[in-house]
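First up is the structure itself, then whatever we jot down about it.
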Amino acid sequence: MISRQTSQKIAFTLLTLAAFVVVVPIVLVVGYIVVQGAGAISWEFLTAMPREGMREGGILPAVVGTVVLTFGTAIVAMPIGIGAAIYLAEYARDTWLTRLIRLAIINLAGIPSVVYGLFGLGLFVLFLNFGTSILAGSLTLGLLTLPVVISTAEGAILSVPQSFRVVSISLGGTRWQTIRHQVLPHALPGIITGVILGLERAAGETAPILFTVAAFYLPRLPHSILDQTMALPYHLYVISTQVPGMPVEVQFGTALVLLILVLSFNVIATIIRSHFRRLRQW
Amino acid sequence: MTEDRRNEQQRHPWGEFFIESAIKTCGFSAIIFVVLIFSFLFREGAPAFWSVSPSNLFGTRWYPTFGLYGTLPLILGSLLVTVGAVIIALPLGVATAIFVGEVAPHWLREVLKPLIEVLAGIPSVVLGFLGMVALSPLVRQYLHMPTGLTAFTGAVLLAYMSLPTIVSVAEDAIDAVPKEYRDAAYALGATHWQTIWRVVLPAAKSGVIVAVMLGIGRAIGETMTVMMVTGNAARMPLEWNALFMPVRTMTATIAAEMGEVAQGSTHYHVLFAVGIILFVITFIINAVASLVIIRGGPKRGGRLLG
Amino acid sequence: MTEQAKFLIENLTFYYDSGPPALRNINLTIYPHEILVIFGPALSGKSTLLRLLNRLNDLVYDTRMEGRILLDGEDIYAPGVNVTELRRQVGMVFALPIPLPTTIRGNVTYGPRLAGERNRARLDELTEQSLRAAALWDEVKDRLDEPANALSGGQQQRLCLARVLALQPEVILLDNPTSGLDPLSTAKVEASLQTLKRDYTIVMVPHSVQQAARIADRAAFLLSGELIEHNIAAELFTRPQDKRTEDYITGRFG
């Protein structure tokens, strides 16, 4: 019979081990990409068009494409997502309809990204005839991002103390005035954090843009929202699976740029969060 | 004076009416989008169900060039990779959640949580790329396989991709266990571990189940990683060592083939039909998970989506 | 009483959710320029009654009300009533001081600005008037643009009073406004109420029977949602008609 202290020791050792098995590969993965990819990164790599079947030159159109798509995603997801969050946090009562909305949001969050891609193809590209375009891609990515934006924004709105609302109402504020002057300003940092985390996910997605916007090889910058564009995640997929004789360095360099771009969203979100937490007055 | 003050018109009645209507519309949009998504999948996928015979559509052979649209190998492929991923991720994820939530000292927690968030942020195509160039050679070498692009390789990567979801949801569930339960256990002389094992975990059970289900949902829908590392052979994974052979999943099939099919062809419709199958599977998983959440109180719902 | 009623509460019964009524068949008249004190043990419905007078209970779902509440002869629950205007007319000060997370000036001018007042000079004038009336002007006049949170608890509560006064209301509701305050601050608030009743009608839930007796012109005793009795304060506190009132004010229960 093992003593209770011994069994606790064994259990905690195993738990520690598990946590390290989870975390160490993360460090390795990031470290490996940084080490292997750093050499490829140069001013030319970031600012030149790809040449020689993408084996030489830079990745500018892919970087620009991803930035443009991320903006497009924000334009689609932000108003709808924040609006829905305000509705759920401030207007919706606990009815079957509200529960249905929550069920829908959870399910939207669970729909596979490739299915969003199919939907974008069916609705935006073909039915609405936007073609494979930045517009269709942004709309698709925007929908995909919506659940994250809604749920984090709702959390931020709910964390504003109820007393501020009651005071504002008691001073003759209408419901919308109260939201506008007492709720949204204080929820804003949390909302922005949520939007950024949503965009982080969108910027790294490949499957939803496969059939809606991404160009295999298009060494120019997009002219309008009805243009196709290259995008970093798809570009990485292309050069690591579709192009024979691709220099490994270019692949790692592309992976590193994508990783930095995406994780910088994470860093920005963290900074905003901690900055405003210190400023908070309640 | 009193009366006319009270009966005076609201200050910006139209502006407010407009904004509140817009907010309401946004609120209902989620339902509209789910319906839209399903109807467009159905619109494009339904023809497959009458132009391809059921025995063909649910057959064992996927050779679209020869008119063979058997989705069974794809469904089983997805299933195999997902089950493999969950077997790896479940113990790791729950153990990590317990470690982070209950055992780790404060400073370590502050290191671990952002790291796990970083994992959630790594694009699947980057993990797929690393799986190809780093993990699959290891798999081939150490397991003496002819190829490292196997269901197992995919399962390992998928496990890591679903870990952030599992850890954060499970940790929330553990966090939500009332402090009184723990105090009562300590008062009875239980050790910290006994308290976790006998009191905290059972109390957090439904939340942990939700965590695992959402992890499954994430794994089954993952596309790029599996497409890049599982070898993409559309074969029935029925051998005892099928886990260590190449497979092909539903998601990878759609992603790889949709770009090359003619719009309106049978193949095109069948790929949408595969999308319907995926949609329905994840819909069921998420609906059941959200029922568990809603029963467990409305407050826990929020964090699940992040 | 020959004066016209400010508030007329008729046969008021009020339910939260599906439970027993929080208020049962209340009939009460509130006259202009008096301090009416509504007192009674905890959970007797005092705050509920107060919140019904400016429809703050509208924020709570699943409530049911029977009876009528008339303000200057008009039913405030009639359809088409401008509720936000009602709340400006009938201001409320809460038990705990809840300054909005902005400046002192921002707190005082919040209500008027929502009502559409944009004139800077007018807002400054209102700020000074209201802060003077709440006996806070001298303490804060040099730091109007500092955060309201920096004030002491007593100052914050007077700020909340000033904030309501800036709405230029006709009635002020005070829900146990001195509960968190030290005796000195309490005295200041009570003193300003005595001045304010010249211009306003004041309805207050007091902190204690003693406070009720100190400041009330008239008093109403609530017990378990029922109005046991109401009368001129001097009468009620010295010669209560009902045994339960007597027991409560002499400290035999509650």
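For clarity, chains are labelled A, B and C in written order, and residue numbers in each chain start from 1.
Everything that follows uses one rule, which is that a contact is a pair of C-beta atoms (placed from the backbone, for glycine too) under 8 Å apart; a residue touches a chain by one contact, two chains touch by 3 or more.
This is a predicted model, so every value here is computed, not measured.
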Chain whose mean Cα position lies farthest from subunit A: C
Chain closest to the assembly centre - both centres taken as Cα means: A
Centre distance in Å when subunit A and subunit C are each reduced to the mean of their C-alpha atoms: 49
Between subunit B and subunit C, centroid-to-centroid distance (C-alpha), Å: 53
Between subunit B and subunit A, distance of the C-alpha-averaged centres to the nearest whole Å: 16
Residues of subunit B engaged with two or more neighbouring chains: 10-11
Contacts with 2+ other chains: residues of subunit A: 174
Junction residues of subunit C, two or more chains touched: 84-85, 88, 115
Touching residues (chain side subunit A, partner subunit C) in the complex: 93, 163-174, 177, 181-182, 186, 281-282
Subunit A contact footprint on subunit B (complex, rising order): 10-11, 16, 19-20, 22-31, 33-34, 36-37, 40-41, 43-44, 91-93, 95-96, 98-100, 103-104, 112, 114-119, 121-130, 132-134, 160, 163, 167, 191-194, 196-197, 214, 217-218, 220-224, 228, 251, 254-255, 258-259, 263, 271-272, 275, 278-279, 282-283, 285-287, 289-290, 293-294, 298, 301-306
Subunit B-touching residues of subunit A, taken from the complex the two chains share: 4-5, 7-8, 11-12, 14-16, 18-19, 21-23, 25-27, 29-30, 32-33, 79-84, 86-88, 91-92, 94, 99-119, 121-123, 126-127, 143, 146-148, 150-152, 154-155, 158, 174-176, 194, 197, 200-201, 203-207, 210-211, 233-234, 236-237, 240-241, 248, 251, 255, 258-259, 262-263, 265-266, 270
Subunit C residues touching subunit A - in the complex, by the definition given at the top: 54, 56, 59, 61, 84-85, 87-88, 91-92, 94, 96, 98, 100-101, 110-111, 114-115, 147, 149, 163-164, 167
